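As written, the chains take the letters A, B, C, D, E and F, and residue 1 is the first residue of each chain.
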Amino acid sequence: MTVKTIYDLIHTVAPFDTQMEGDNSGLLVGSSSQEVSKVLFALDITEPVIDEASAIGAELIVTHHPLMFNAIRSVTDETYEGRLIRRLVRENISFIAAHTNLDQAVGGINDTLAALCGLVEVSGEGFFRSGFLPEPMTVRAFADLLEENLETTVRIMAPENRIIRRIGLCSGGGSDEWHAAAEAGCDAYVSGEIKHHHALAMADAGIAALECGHFATEEPGLAALAEALQNSLNHVECNVRVYVSAVSAYAFSRHP
Amino acid sequence: MTVKTIYDLIHTVAPFDTQMEGDNSGLLVGSSSQEVSKVLFALDITEPVIDEASAIGAELIVTHHPLMFNAIRSVTDETYEGRLIRRLVRENISFIAAHTNLDQAVGGINDTLAALCGLVEVSGEGFFRSGFLPEPMTVRAFADLLEENLETTVRIMAPENRIIRRIGLCSGGGSDEWHAAAEAGCDAYVSGEIKHHHALAMADAGIAALECGHFATEEPGLAALAEALQNSLNHVECNVRVYVSAVSAYAFSRHP
Amino acid sequence: MTVKTIYDLIHTVAPFDTQMEGDNSGLLVGSSSQEVSKVLFALDITEPVIDEASAIGAELIVTHHPLMFNAIRSVTDETYEGRLIRRLVRENISFIAAHTNLDQAVGGINDTLAALCGLVEVSGEGFFRSGFLPEPMTVRAFADLLEENLETTVRIMAPENRIIRRIGLCSGGGSDEWHAAAEAGCDAYVSGEIKHHHALAMADAGIAALECGHFATEEPGLAALAEALQNSLNHVECNVRVYVSAVSAYAFSRHP
Amino acid sequence: MTVKTIYDLIHTVAPFDTQMEGDNSGLLVGSSSQEVSKVLFALDITEPVIDEASAIGAELIVTHHPLMFNAIRSVTDETYEGRLIRRLVRENISFIAAHTNLDQAVGGINDTLAALCGLVEVSGEGFFRSGFLPEPMTVRAFADLLEENLETTVRIMAPENRIIRRIGLCSGGGSDEWHAAAEAGCDAYVSGEIKHHHALAMADAGIAALECGHFATEEPGLAALAEALQNSLNHVECNVRVYVSAVSAYAFSRHP
Amino acid sequence: MTVKTIYDLIHTVAPFDTQMEGDNSGLLVGSSSQEVSKVLFALDITEPVIDEASAIGAELIVTHHPLMFNAIRSVTDETYEGRLIRRLVRENISFIAAHTNLDQAVGGINDTLAALCGLVEVSGEGFFRSGFLPEPMTVRAFADLLEENLETTVRIMAPENRIIRRIGLCSGGGSDEWHAAAEAGCDAYVSGEIKHHHALAMADAGIAALECGHFATEEPGLAALAEALQNSLNHVECNVRVYVSAVSAYAFSRHP
Amino acid sequence: MTVKTIYDLIHTVAPFDTQMEGDNSGLLVGSSSQEVSKVLFALDITEPVIDEASAIGAELIVTHHPLMFNAIRSVTDETYEGRLIRRLVRENISFIAAHTNLDQAVGGINDTLAALCGLVEVSGEGFFRSGFLPEPMTVRAFADLLEENLETTVRIMAPENRIIRRIGLCSGGGSDEWHAAAEAGCDAYVSGEIKHHHALAMADAGIAALECGHFATEEPGLAALAEALQNSLNHVECNVRVYVSAVSAYAFSRHP
C-alpha cells in the first residue's frame, strides 16, 4: 500500500479540496509512491513525533497542522522547519497534513469535539457546530465536564452559576466563530483559544465563553481520524497498522 | 480639574505619542474641558463598568483597551460600541484609553507584571521584559506562584518538572514576543495568550510557555496607574478621587 | 410612531440598499425604537439645524448628506462631527441620512430637479436624467429660468446665445455624469458643481454647461421627500408632523 | 530662438521640477529644437486656441492645464486629446504646460490672484496664500470687488453682512486648502471651486467661502507669465512676440 | 476604401476583442475615415518602415507589435515613440497593430509557424499549437529544417541526436507556453525566445528546446495576413494594394 | 573544513548581502557545520549535476542560479525542485547559490565576460560593464570572436558590416541593461538574452545587439570563481578539492 492510497482514503473522509484558501493541507514531504506499512497520527509534526515514528518504523506521519504554512526559500539546519523537513527526508518518512479540510469534515475535528461536549441534536456547517446539553446545567458544571472529557484546564470567561443549555463550538483558534454562536442563539461557546475582545462581546451578548486550549479541542479529532482509517484498512484486509502519537502536546525537542 | 489635566498627568507616565501605529489610545469620548471630581479605572469599557461609574458619580473613565479600534460609521443602539458611546455621552462621562503607550511605559503594564512574577534584574524595552527568579524553580512551582499572584488559572505548555530561572514576559495577547525571549536566552515565557504554533516553537527551543489569561496579566498594571495618578493628585492637593473598578472581567451586561 | 417606522416609509420611496458602495445612508445616530412626534428635514446636519430641531421639539432629523462619510475613531468636542454627534445624543435626537438612494429614487432629488428645469418627456436612470424644454431657447434664457426656479446664481460655461432644447442633468457634485448627457445627445447639461476639465470637454462636444450650486440643485428634492412623507403619514392618520428646515444653506454655527 | 530657450525662461520663473507628483507639466508636444517667432499663452489648449495660434502664426502654445494628464495609448481622431495632439503635430506647433509649478511660483498664479483680491502683507507657501484687506469690509462688498477684478460671478457661501479682514486663497480647484486658511486664522476663503462639504465646514468654523470660478482665478496668472516672458525676451533684444489668448474660456470647438 | 474598412477586414480574421488584457491592438494613430490606396505590412513600426511607407505612398501601416504598450504622457522628439508618432501624423499615415489577436487567430501567426515547421495533425488553442513531424527525426535535423524554413539561426538547448516526433510551439517571446507542450506530451518545443530556467525545466522533462528568434517566428505570420487581406480586397474588386515590408528586422534608423 | 568556511570564502569575493532584493543567494540546502572535502561548481543545480557530485564524492555544490526562487510549500517528488532538494538531503550534499552577488562582484561573472570579449579599459558598476576593443572591427568580426571565446552561437541583431569599438555588456538575461550601454555611448551591446523590443530600440539608437545565450555568458564566471576558491584553499594548505562541472548546459535528466 502506498502513500497515495492512504492519501486517497483520508480524502474520502476529509476532501483536501475543501481546505480554506491559504491553507497547506496535502502531501507536504515525501513521495506518493512510497510503500507504507505503518502510519503515525499526531496533532503536530515535531522532533519528538519524528523520534516516535522512527522508533516504531512508520513510513508516514499524518498530522493536523501543516509545515510550510509560510512558504520557504531554504531547507537547512538554520530553521525549525528546515530541520524537521531534513529529518523526514533523511529518515525516509512521508508527511501528510489534514488541516482545515478535517476541521470541516463530517465526523471530523469539530464533530468529535461536539460529541465530547456531550451535545445532542448537533447541527452546523463549515467550522461551527451547535447542539444541546441533555439537561440544562451551570457554566461551572459544564466546565467540569469539559475538563474531564478533554483532559484539560478550562478558562471560564463568564459568571459560573449561569444556567446554560444550547452550546456552540469551534475547535482550535476558533474565537471568531462566536458570531455564529450568537446567531444560533447559544448560551455558551466552547473553543480552544478565545480572544479577550471576543470574550467581552460575548459577555455583552450574554454568552458564556469557555476556553479549553488548542491541543485539547483538536487532538481527539485526529485520533478519531486514525481510528476511521484503521477501520477502512481492515476492510481491505491489508496489514498496514495505524498508531496515534503518545507524545504529549508540548514535549521539548532534542534540539538544544 | 479638567479631563485635559488628567490626560496630561497620564501622558507624563505613558506618553500617548508612543502608541503603536493603528492603536487608538487617547481621549475617545467626551470633552477635554469637562470638570472632573472622580475617575474610575478599569481594564475595559463595558456596560457594568459604566454602571459602576454612574453609581459613584465619576465624570471620567480610564481603561486600557480602546473603543473604535475599528473606525465606525454610526452611533446607534444597533451596535455594541454604539450603545456604550451613547451611554457615555448621555451620562456625560468622558473616556480615555491608555493602551499600547501604557504597555510600554516605565512602571506600566509589563513592569507591573514583571514585579508580580517576582523577577529581579528586570530589563527590556517595548512590550518585552525579562528578569531572573531569585532562585531556580520548577515550571510547576512557578505556575503556582503565578496563579496566586495574578489570581488566575495558568495553562502550562511544557514539561512541569523542568527547572527555570530566566523569565521573559509580555502581557495580554503578547504571544509573538516569544522571539525576544529566545534572543534573551530565557528558560520560560509568560503571556496572557499564547498561540499554539508559538508554543510548539518554544517547545522546540526549550522554552517553557505559561499562559495566564489576558485580563490577569493586564489588570494589575491598570490598578498601578490608578495608584500613581492618585499620588500625583495628592501632591497638588486637589480633591479628585481615583477608583479602581470592582467589576469582574467578563461580568455580563444588562443588555438582553 | 417610532424612528423605525419612518425609516421604513423613507425606504419605500428611496430604498436604502440602492445606495452606492461607500455611501453611508441609513440610521446614523440614535435608536430605531425611539418615539417620534416631529421630524425635521434639511439638506445637511449642522449646528443651526440641530438648534432648529431642538426649538421645535423634533426627535428625528432627516438629511441628504450623511455624517461619518469617513469612519471615525473618537466622539469628542475636538472635531466637527464629534460635536454634532454629541449634541444629537445628548438632546436625544435620532438622525437618518438618505443620500445616494434618494438621488436615484423615482420622484427623488434628480426628478425634482428635472421638474424645476421645466423639462418634459423626462427619462434616465441612476443619477442622470434628461428631457426636453417645451420650446427651444437660448442658454441665457434657460439660465434665467434656473436662477428663478432654483433661487440661485448660475455660472454659464458656454456661448450664451446658443439655442438649446434637450437638457441633461445631475444634482449636486454630478460633474462626471456629463458623459451620459453626451450619449443622450443633449444640448445642455445642468449640475450643482461642474469641474473645469469637464466644462472644456463639453465645450468641445458642443454641450452648454450650467453650474447651479450644490445646495440649490438638491434642497428642493429633500423638501419633496418631506412632503411625500407627510402625505403618507396623513393617510395613516397619525399625528406626526413633518418640517422642512428654514435655515439657509451655509448659516454660520454657534461654534467659535 | 528655440522652444528649449523659452522652456528655460519659464523654468527660471516656475521651475518644472517643483510640479506635484502625478502632474504633467513640461514640453508635451513638439520639439525642443523648433524655432519660435511667436508664442501664444492660454489657460487651456482647445480647438479654438489652436485656431488662434494658427491664425497668428505661433509656433508654440503655453498653457496652464496639461494634456495627457491621464496617460494615453492612442493618438487618433476618436478622442478629444487625440484630435488636439494631431492638429498640433500637423500644424507644427509645440506645446508646453506650466501647471502646478506655476501655481506655486513666486509671482505665479496664486500671487497674481492675491494681488487682484487687493490683499496686503501677503504670505504663504505651496498653493496657499493669505493676506489682509486694507480695510475691513463685508462679505458682500468683497464679493463685489472680486466680481469686478476677476470679471466673474461669485457664489457666496456665508452670511453676506459678516465683516472680514484676513483673507486666504487658492486658485482653481483649491477647495481642500481651506484647512490652511483655518490654521492661518482667516475670516474668508477665496477659490475657483469650493466643494459643498468644505463650505459647510467653513460655515462651522466661521469662515466665509467665496467661489469665483476656475477660469477667473487662474487666467490672470497666465497673462502675468506671458508679460514676464515678454519682458525677459525684450531684455535679450530678440524679436519673439508673446500673445495672450483672446478666446473666451469655454468657446465651443469647431468639432461637430 | 477607408482605414475603417481595412480594420474591419482584419477584424474578421483576427478579432480585436480577443486581444489579451493589457495589450494595445487596434487603430493606434490616425483616423478611421482616412482614404487608403496602399497598405504596408511589417512586423514592427520603425523609422525605416515609415521611410518605406512614404516611398511607396502607403496611407496605412499594419504591424504586429503595438506602440504605446506603456501609456505615454508626451508626444515629442525626446522619445523613440514620440518621434515615430510625430512622423506618422505629419506624413498622414494611419497605424493599426494586430498583436495578441493575430497570435491566436485561426490561420494567424502560430498556425503559420506550425506550417513552416512542417507539422501535420496540428491542434491547440490560445497561443499554443502542437502537431507531428511526418517522420521522426533528430533534434539536429529538425533544427536544420527550421533554419532553412524560417531563415534564422537556431539555438539548440538539448542533446542534438535525440529523436523527436511530437512538436509544440509558440511564436515570439512564448517561453512560458512550454508547460502546454509538457501537458501535450511533446518531444520538442519551438519558440522565438526561451528563458534559461525554462530550458532547464524542459531538459528535466525530456523536452528538446529550440530557440529560433523573435522576428523569425513571427514575421511569416504577418506576411500571411497581408496575403489574406489582398485576397479579400481582390474579391471586392477594389484597387487597394497591399505590400509586405522588405526592410530587415533590425535595420538601423536614420536617427543619430 | 566546513560548509560555513567555504561560504565565508565566497563571501569575501562576492558578498552575499550585495544580492538584489528578491534574489535567493546563500546556503539553500544542508548544514553550515557539514565537513567538506570536495566542492563541485556548476552554473545550475540539475539531476545530472547531482549525479556528478555523487560520483566524485562532493559534499557541497555551488551554483550561480538558486533553487526556491519562488518560495515553496512542499518538498515532494511531485515537483522538479522537490526532487532536487530531496536528493540533496538524502545524499547529504549541501548547496550554496551565488547569484546576483556574483554577477556584480569585482572579478565576478561580468568581469570575466568582459575579459572574454577582449575588452580593454573596462569600467562599470552593478551588472553593467563597458570597455573598448583594441582595434575597431565589424559587427560580424566581433561576433566571430565571441563565438570562439564563448563557445556559442551568436544571434546578430544589427547590420553586420557596421564598425564598432566601444562595447557594453551584461551576462545572462541582461537585456534591460542596454540603457546603460546607451548612456555610456557604446556602439554594441553583448548579453545572454536580448528581448525583441530592446533590440528594436537599440537599432533606433544605432547600437548593435549581439545575443550570445544565457549559459555561454555566465558559465565562464563560475569557473573563474572555482579557480579563485581553489587558490584561496591552497594558501591555507587544506586539502579540499574544487571541481568544475563537465556536464553540458541542458543535459537531459534521468527523470522520465
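Criterion: a residue touches a chain if its C-beta (ideal position, glycine included) is under 8 Å from a C-beta of that chain, and two chains touch if they have at least 3 such contacts.
Being a predicted model, the structure only gives us computed values, none of them experimental.
Counted as hops between touching chains, the shortest connection from subunit A to subunit F is 1. Note on E-F: its contact pairs, compared by residue number with those of A-F, C-D or B-C, agree for more than half at C-D. Among the other chains, A has the CA centre that is most remote from the centre of subunit D. Of the two chain pairs shown, D-E and A-B, the one joined by more C-beta contacts is A-B.
Each chain gets a centre from the mean of its Cα atoms; for subunit A and subunit E, those two points are 56 Å apart. Subunit C and subunit F have Cα centroids lying 68 Å from one another.
Residue ranges of subunit F in contact with subunit A, taken from their complex: 24, 26-33, 68, 71-78, 85-86, 89-90, 92. Only residues 44, 46-47, 65, 69, 80, 153, 155, 157-159, 162, 172-173, 192-193, 195-197, 199-206, 209, 213-215, 249-253, 255-256 of subunit E touch subunit F when the two sit together in their complex.
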